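Chain naming follows the written order as A, B, C and D, and within any one chain the residues start at number 1.
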């Protein structure tokens, strides 16, 4: 006998009030009639699926279960009263336009909502001093936007901390539904906005669609754009491999995104089958010494005549900060590990008198600006649909996510307080080691 | 208080015997040391994650939990005694070569297994009367095979029922590890082979890697090649849409794979954003009458001037069989729903005097022969690694799968006895309806 | 001493009258100042470049030289009086939207023409009984159309013979500039229209942009969309090769476009490197006998175990017509050589008791609807620019072409009266033979 | 009456001696029999096709005509005595493997030459001190190499000046046929090698296949890999455009290849339709002043909110050298115009107090390492075939080129002494201006 252990997260979903209005969408309420159905608020899925053979029976509280996303039979907002606003924040990510398109179309066609405003250039677009007009969104405007990269609304970083000014604008616009598409900072901003809305006693739904090309947000099984990013990055590694392979002692060095987590680097290594070393923020490595990267790189060259190294931008930061990165005022500067490694590798091989050909590739914008690949695009459209359903039914302070392959509502609070990292003991990292044949550790302890 | 309900499947994994040999792969046995770890046999994951808010506490038996895949600390086979055989069966599917490559490399590099035979052209390659030599597999041979479509081993349909002859050959070859990559029929064949092996008292591990481009096998969250297939199919729908859009009353009709399930059709509709009607085996539809497809198609043309229809090959079979498909001897012929629909649509619009331009596309082989897209390729390599680990540790009669995002061992028996179908009440089908705006039902009852 | 032989074509270009209005575009008139220049009417290029070492000196008439296309210093039409019409006819071809976009943008931005009408669905759009409104074209409308396949104007076949009705409409619309984008039939129609215009004493410029995905028009070095078509077709041949290679005695049979000429088939064979037999309309072949296709195919299978056959749709018509293709009324039906070959190959191998696996692919619409590849897209935009310049300077009854890598004006009369065919004695066909290793001839004489 | 003016180039082709051996390839010698034919040495094409309407009759010398490439009826080398060597030099370029493959296959299958050595890592591979073994080339080795980028032989820069050492090695290897695939420096090296061979009285054919991704060699209508490079570069410009379009005052800056010529930059601008400014080495521009780039860029941002700038790496060098690029010893350093422009643009807008978002992309290796696109691949295979034919018939000191769409032999001497540049008065540059709407000049004189 064994049990499934409860976990601590509290997945309770906030609502603006009781949903009383019959949905204009006709679905079935009968289970088993083979007709598409509404989703009930009490349909849940388990978050934690780990178990072991021995164990005890265990009970659950509703707070430990995730609420399923989807269209409700009763909705909170009357469609004719809705003024929805959509905003995209932060760096570009494949699929932004797909999400905008899906929200707009679901609201318009399924619910009959005809006032949808695109707020331009991120949270900046809410600030009165910027004086940026909104963009009217409707099915005609969004019809083909999934075929282009970037975001038709424009984006920018920052501004999310000016909560009061933003809520002032939201009030002035009579917006009662805000869709915030963005990463950790954006969702923190959305939470502050929702809390300020609550303080003012307003009935405005705030729904997040989490955007994290690095996949570093928790409770998000798969971040939109991630697969496209890996596919694009794989092409870059292939370029690096071709260059390395065509030169005497060729070294291809590719810097990929991943400030805090190495998911893109790890997946790209697996997808390309051509990387020999993958360096990520979660796994410490040293350059020098018998078990350091440089020595292993040298051995690899001696063995095969070429090598490919992938480095996530957040990897090995501690190697640089010590000596290289304090500026005149003593501030910590952002360390570019790619350029740093390029220099270190070059001088190491110079020092030991081994001639190498290093080619360094930093594809950042090429990846970020890509059009979403088909399976990413379909994922985005499903996220967008569910975001529209959530807002219409009066949910708030949640993001839309997929967990254990089910679309669910996750409280923003949960998402912004728990980071997602590559676990060096996970099967993912193990498969990276099996694919690259890199040493289990590259430190000299 | 609520509980997670137990389900009935029995996920107990068979083994050839006790694994006593220390693995040649060095992983950590310490949890929390941030070093990649072995997987223990008692690490499990929950299969059924559905819950609702009300409920009771519930206990589990080990048989209701899925065993995690991965490298074990102790293995069953001595690497130097291993002779592995790999066979690919049935229709082509993107990723076959990626799986072959991963199994070969994992056995070779991680375990030091140096006798790996590729059995050619499916189970036919085991039959002595075919007299087809095997292909020696090693890292050099498989190095670049993931860059080409199809299978380097060749494939064929059938032959899997000649169990005795196959096991005779396996015995003759001294194979003690068989990897069978194929669909439902192939896995049924593998199970028979494994049972015959058992009857003969042999110690041969039989591991399946499930291949189902249609995604119609159960306990398989994601079938390899499926994403690539959807991406390719999306391109075809885009062609159909372009043709339809450029003609007066243009109709683009695309037949996609899916004999028994409409997963490719449904996902492709979502990914392309350009389909207006999706017809799948799981959802009955009628052609005639006020709520039939033809009437709805007519309305769509009147409204928009063009339309795109996706039909899965197994859809609407009952429409044809009645009158069209009994041959001279009274046998049931295979009904080509694509050609049938093309004819029905054409004659309907001729009858009502409406001029239409129908373009019919059947991309079958173009999809099947595609090279695996990067994220599919990485998935294949992880399936292959886990298959190699499973065999080395003496597991048998299982397939490698991913369930709730964890790689697991699933008894072949479970997989071949439960089909996977699009649930018309699922969020997938609902999202198809939201994307296409097709009627909830197209029958006249 | 030798000379270049004159050829007979008469390349004299028609004009509506003297171009007297200064162009609103500022270019240089000074040669050698390193600033982009106008083109003069007397700038010409030689058409026939063939020579041999022995020969005589020879003189040329202006009619034997091609007039260069490009912006003139003086134009015929006052931009504010221009009403331009653009029409696209016949089957789809990659690049149609690129041409429409370039004409529109060049007229609008360079000349200040603001009345541009897109005539919808080919010549049908001119017929009053069809009652199809035109589409207003301007830079906003055309901005992104090059990113999608097909034609935003729609297209259709036929209608071009209703010359009087079309010119009536042109008069009624006050159109004084017609751009006809289409193939042989379309250009014949354009010529009739221009002649009728002349008869009526109207001053309307008729400019053709030749569209021939098959590349079967003369005096057109490179037809737009052709490279994209070859690239797409190459993908299909790769699919066929993958299927053939993965089966026992696999045969991949691909039917490609080419009613009268085998350019796509020949180029695709060269680009794919995977075809073993290429069958085109220009080279007769037999099926039976010791030097027939079937015997050679058998030998190829015996040697290599698989084979790929490319057949242009117009190849081998004489094989079929005899017995298979006369319908009840004795009319000649269109022979589908692909389906015919599939049948013949299958029954041949059945007859000789050799088991083969034939996979037949007919990718037609997938090729026609493709988005223009980058180098095709740039070619289209240059064709469109030159078409706009030609019309503004009062040229008429010409098409825009590239000959010997120079954009030129070619009288429509010349183009429609001379077909372009693959010369079996050319270096192109020789390279096909060197690539495929197919026999020099496949007849039994 | 007019004439075609003779030009001065001397296209006389060198041969090792009289070709007396009947070719093992069977082609027709009869013109008009519709069977692929040999090419005769006296088949020529005209190089200069420019003409104008007035003129005089003119006679030609054979030296002013280009000799056609292709298989000869009589060959110089007995296939069984041939030892061919292939070398690839300089930076990577799409299509290198395609050329290697075609030469190898043509020699092997058409002529029966079975000794073909791949010299590794450029001319370095000939130097005894490097001690790099050659790679045996045959159809099996080269079968799939066109599917990967780079060069299977490896490449390197330099070494071509060590003529004597190289010819020593060639003699030692008994090589009698050298194929040198590379750019200007490589062909200069090949010429020196051929001259040294001549001095030593050896009978060794030296054939060049010109590789210039920048398209900056004369008498080469189209350099292989160029179209692929433009296609790849177009993707990068699209990324820059997406980034620019998604930001407030976004500027996308892309540096493309082109040390001495702006062909890639110009073609990419035309193909992408998204560039607003194109800066190339051949057209001088200033940064400051009322007609400088910065002022125009500012106006563009004020008008449209975003801008895309393409800069060829050799553009604007004179802007930098003055102050920025003399190092400690007073030497001229290589000026990186991309990084320089990025800095200048950023500080300009900072100075005038206008907030912009500049994204800089330098895709170099991604372009160079690309797999040849289908139409490039077919071009490479035809170049390779013709190179093999040329060598077999005893031609030497020539490169294979396509001029006026005909494959020809051009003396290496001609190619290395005449550079190819974008003519600012050409239709190409004019079309760039029409596409970008950039000012005709950006200097303040």
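Following the convention adopted for this analysis, a contact is a pair of C-beta atoms (placed from the backbone, for glycine too) under 8 Å apart; a residue touches a chain by one contact, two chains touch by 3 or more.
Treat the numbers as computed from the prediction; the structure is a model and nothing was measured.
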| request: Taking CA centroids for every chain, report which one is farthest away from subunit A. | output: C
| Pair of chains joined by more contacts [C-beta pairs], C-D or A-D | C-D
| query | At the interface of subunit B with subunit C, does the proportion of residue numbers present on both copies reach over half, so same, or stay under half, so different? | reply | same
| task | Report the inter-chain centroid distance for subunit A and subunit C in whole angstrom, where each centroid is the mean of the CA atoms. | result | 46
| note | Rounded to the nearest Å, the gap between Cα centres of subunit A and subunit D is 42
| Chain centre separation (subunit C, subunit D; CA means) in Å | 28
| Residues of subunit D whose C-beta touches two or more other chains | 148
| field | Graph class of chain-chain contacts, one of line, ring, star, complete, other | value | complete
| field | Footprint of subunit B on subunit C - complex, ascending | value | 92, 121, 124, 132, 148-151, 154-156, 235-236, 238-240, 242-243, 245-248, 357, 359, 361, 363, 365-366, 368-370
| field | Residues of subunit D touching subunit B in the complex | value | 144, 147-148
| message | Please output the residues of subunit B touching subunit A within their complex, sorted ascending. | response | 1-4, 26-28, 31-37, 39, 42-46, 49-55, 57-62, 65, 69-71, 101, 106, 109-110, 146, 221, 227, 230-231, 234, 267-268, 270-273, 282-283, 373-375, 377-378, 381-382, 385, 404-407, 424-425, 427, 429-431, 433-435, 437, 440-441
